[in-house]
Amino acid sequence: VDGGGLSLGKGRFEAFSDGVFAIAITLLVLGFQPADLHPATNDGITRGLLALWPQYLVYAASFATVGIMWVNHHALFGKLKDVPHSVVIVNLALLMIVSFLPFPTALLGHFGLMRSPVIYYGLALIAASLCFGALQYMVNLVPGERPSFIDFLKRRNVWNTIGIVAYGAGIPLAYYSPLATILLYAAMALYYMLPIGVRAAADTRAPNA
Amino acid sequence: VDGGGLSLGKGRFEAFSDGVFAIAITLLVLGFQPADLHPATNDGITRGLLALWPQYLVYAASFATVGIMWVNHHALFGKLKDVPHSVVIVNLALLMIVSFLPFPTALLGHFGLMRSPVIYYGLALIAASLCFGALQYMVNLVPGERPSFIDFLKRRNVWNTIGIVAYGAGIPLAYYSPLATILLYAAMALYYMLPIGVRAAADTRAPNA
Amino acid sequence: VDGGGLSLGKGRFEAFSDGVFAIAITLLVLGFQPADLHPATNDGITRGLLALWPQYLVYAASFATVGIMWVNHHALFGKLKDVPHSVVIVNLALLMIVSFLPFPTALLGHFGLMRSPVIYYGLALIAASLCFGALQYMVNLVPGERPSFIDFLKRRNVWNTIGIVAYGAGIPLAYYSPLATILLYAAMALYYMLPIGVRAAADTRAPNA
Amino acid sequence: VDGGGLSLGKGRFEAFSDGVFAIAITLLVLGFQPADLHPATNDGITRGLLALWPQYLVYAASFATVGIMWVNHHALFGKLKDVPHSVVIVNLALLMIVSFLPFPTALLGHFGLMRSPVIYYGLALIAASLCFGALQYMVNLVPGERPSFIDFLKRRNVWNTIGIVAYGAGIPLAYYSPLATILLYAAMALYYMLPIGVRAAADTRAPNA
């Protein structure tokens, strides 16, 4: 619309985004540090590895969240050929939050299920969801390529808003039980993965599919 | 089958999977930490570098295992055009385990050939094999694209099951000799790499090749 | 021109460059280290996370700088089919600086807004800009594919030079206020992201677009 | 030749190799650790950053070595369509060494220009060159796609052998001057980058170009 020079071919745009998603998801493992385990006896290490169970849960929740965000990121750009500059910028903001997630994940691994890092983790998830919502909004503004904005608001946005509400609800919940918050966040990732969640999102693309 | 909106083009699916395999395999090196070597004299460093020999073995075994899993991952999707949602999800589970492997590898590097981290490493390999088996099962269910499920069960599954049995056998073996377990795991990676192992797997694709 | 054997297909050249950009941008998060936070109480962690605000700013500035450099890198090669050897080498030099940026970023995270790491960070940004300018110079020398060198000098080079001047001005500024320098650098990244900055760059491609 | 099931499409093979090269080259920066710098004063940090000069040299040498190996890796597969299983396996061995290079690089960063880590670094470069030579040998055995093996032996192998000899010569040299060894290794990377080095390699492809 406003000159090809300001848009980007989808191929390289997706390759870069995929790269950042793939790296961020793989860096999550750096939250596990052998040096945190002691004493260095067979029993000590075994006990230490068992005591990491909340970290396994958080790792799985983070991995599932980034993974499903990648799946939906792909679905979002399904039919676009060129990516306008505004979308490139909002996408960079999303990637900035996604790339940041290994830190809150590692924080939970380091300190365990304490209230402060759990809330911090929830805030990071909210920031990622807000960026994803903004990206959806921008992409759906691209004319002629997407279902109507009305349909978009009715379905996919509702679906993303459910996530923001759940992530937000996890924050006061952490004052009672940090574990409950993490279980809620893991459940959200599962919900987004289930066909029902994906279908709710996919429905918004139906007119163009 | 159940709506294009729920499947993913193979191109980006493979690009993301390749990215995670490539990053996980490259993060294995982070198990080597210069700070673990001392005293900081030429002789001390040389002795320390030689004493790392079990870690070199584990690094090579992990690298070979992830590498060959990538080769087989590629072969698995040879003729598919779209990847159904169920396969995307099981694939995410596999990638979650593959991305996790740098931790058990680093654990063995940090503590050396002790029983507890060796068993933990074996459990991680079993989890990866189970996910790979589940992925094979899901992919082969995609209609019209694959050899019959009977053939699949007869050959490729047998081949993956051999891996699970060997990884499982390594666990009691670690009570007698952690080194023997690691040698067994390295041998399995070599077996999977040899043309005979690849052919056993490749044979299951023959009807479509 | 001087033999196909000395040039590289753009596809794999871009894939490798994209990979390095994507990884360097994702490694920026490793500047955040959970172990830097203490005491390990809810209040202590919360205060520590709030006290990280300069690091959040630097993370965002680095992410935006690498991100926008990637966008412009893509634009630069828009119409080229083969990449001459000289460009491959200058590109490697640029990637070497881009890959290095996680260190100055982590340095600022570790020491906070002190003069010495801020100046170091500014020098790294200048080095990256110089390499990017050299890359632009080399790419624009490729015959028949680019606007005239005169146009190039008039516009895109001016635009890159503004960056070098601003990064340079940040160095004496750090003697008065390291924070002011970081704000200047973040503002530069925002400027490069705004359509006006992108358009200024895009204009130089207009004759070929 | 021996069944499509045992070879790999070049596209995904190159994508995976590119990914590993890109990640390994980017992980080199992790050899720089802010915590190694002290005291945490402006003067102390500045002196510490200046004292890192041998590490900058090693970083540049490693980056150039991996970078040029990637360029030559690309050239090597120029006209191949399918990659035989044997080449896939030898390529995995090469990638295993390339992925390992961040450790010797970090070792030199941690201990400085001492004899023991310099020799270790040289041994890693020799291992990488041997794997690259083996890969060249395997690729050139693929029938009908490459210049004759005689031509190959005459030119490209000579070129790789020069590298192995130089890396080998650096080892006794380290007993007199570790710095001289590092300068020799950096000079080799520069030589491989210069058009003359590239042309020597490119010449071997001439009959097919």
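Letters A, B, C and D name the chains as they come in the text, with residue numbers starting at 1 for each one.
The rule is short, and it goes like this: contacts are C-beta pairs under 8 Å (C-beta built on N, C-alpha and C of every residue); 3 or more make two chains touch, one makes a residue touch a chain.
In this text, all values refer to a predicted model and were calculated from it rather than measured experimentally.
Trainee: Going chain by chain, each one touching the next, work out the least steps from chain A to chain C.
Mentor: Counted as steps through touching chains, the separation is 1.
Trainee: Compared with chain A, which chain's mean CA position is the farthest off?
Mentor: Greatest centre separation from chain A goes to chain D.
Trainee: Since chain B and chain C share one sequence, what rotation angle in degrees maps the C-alpha trace of one onto the other, as a multiple of 5?
Mentor: Between chain B and chain C, the superposition angle is 180 degrees.
Trainee: Using CA atom averages as chain centres, what separation in Å is found between chain A and chain D?
Mentor: Centre separation, chain A to chain D: 36 Å.
Trainee: Need the CA-centroid distance for the pair chain B / chain D, whole Å please.
Mentor: Centre-to-centre distance between chain B and chain D: 25 Å.
Trainee: Which residues belonging to chain D are in contact with no fewer than two other chains?
Mentor: In chain D, residues 15, 19, 23, 27, 30 touch at least two other chains, as defined above.
Trainee: Mind listing each pair of touching chains for me?
Mentor: Listed in label order, the chain pairs in contact are A-B, A-C, B-D, C-D.
Trainee: Which chain B residues qualify as touching chain A in the complex?
Mentor: Touching chain A: residues 3-6, 8-9, 12, 15-16, 19-20, 23-24, 27, 30, 85-86, 88-89, 92, 95-96, 99-100, 102-103, 106-107, 109-111, 114-117, 120 of chain B.
Trainee: Contact residues on chain C for chain A in the complex?
Mentor: 14-15, 18-19, 21-23, 25-30, 32, 34-35, 37, 40, 42-43, 45-46, 49, 59-60, 63-64, 67-68, 70-71, 74-75, 193, 195, 198-199, 202-203, 205-206, 209
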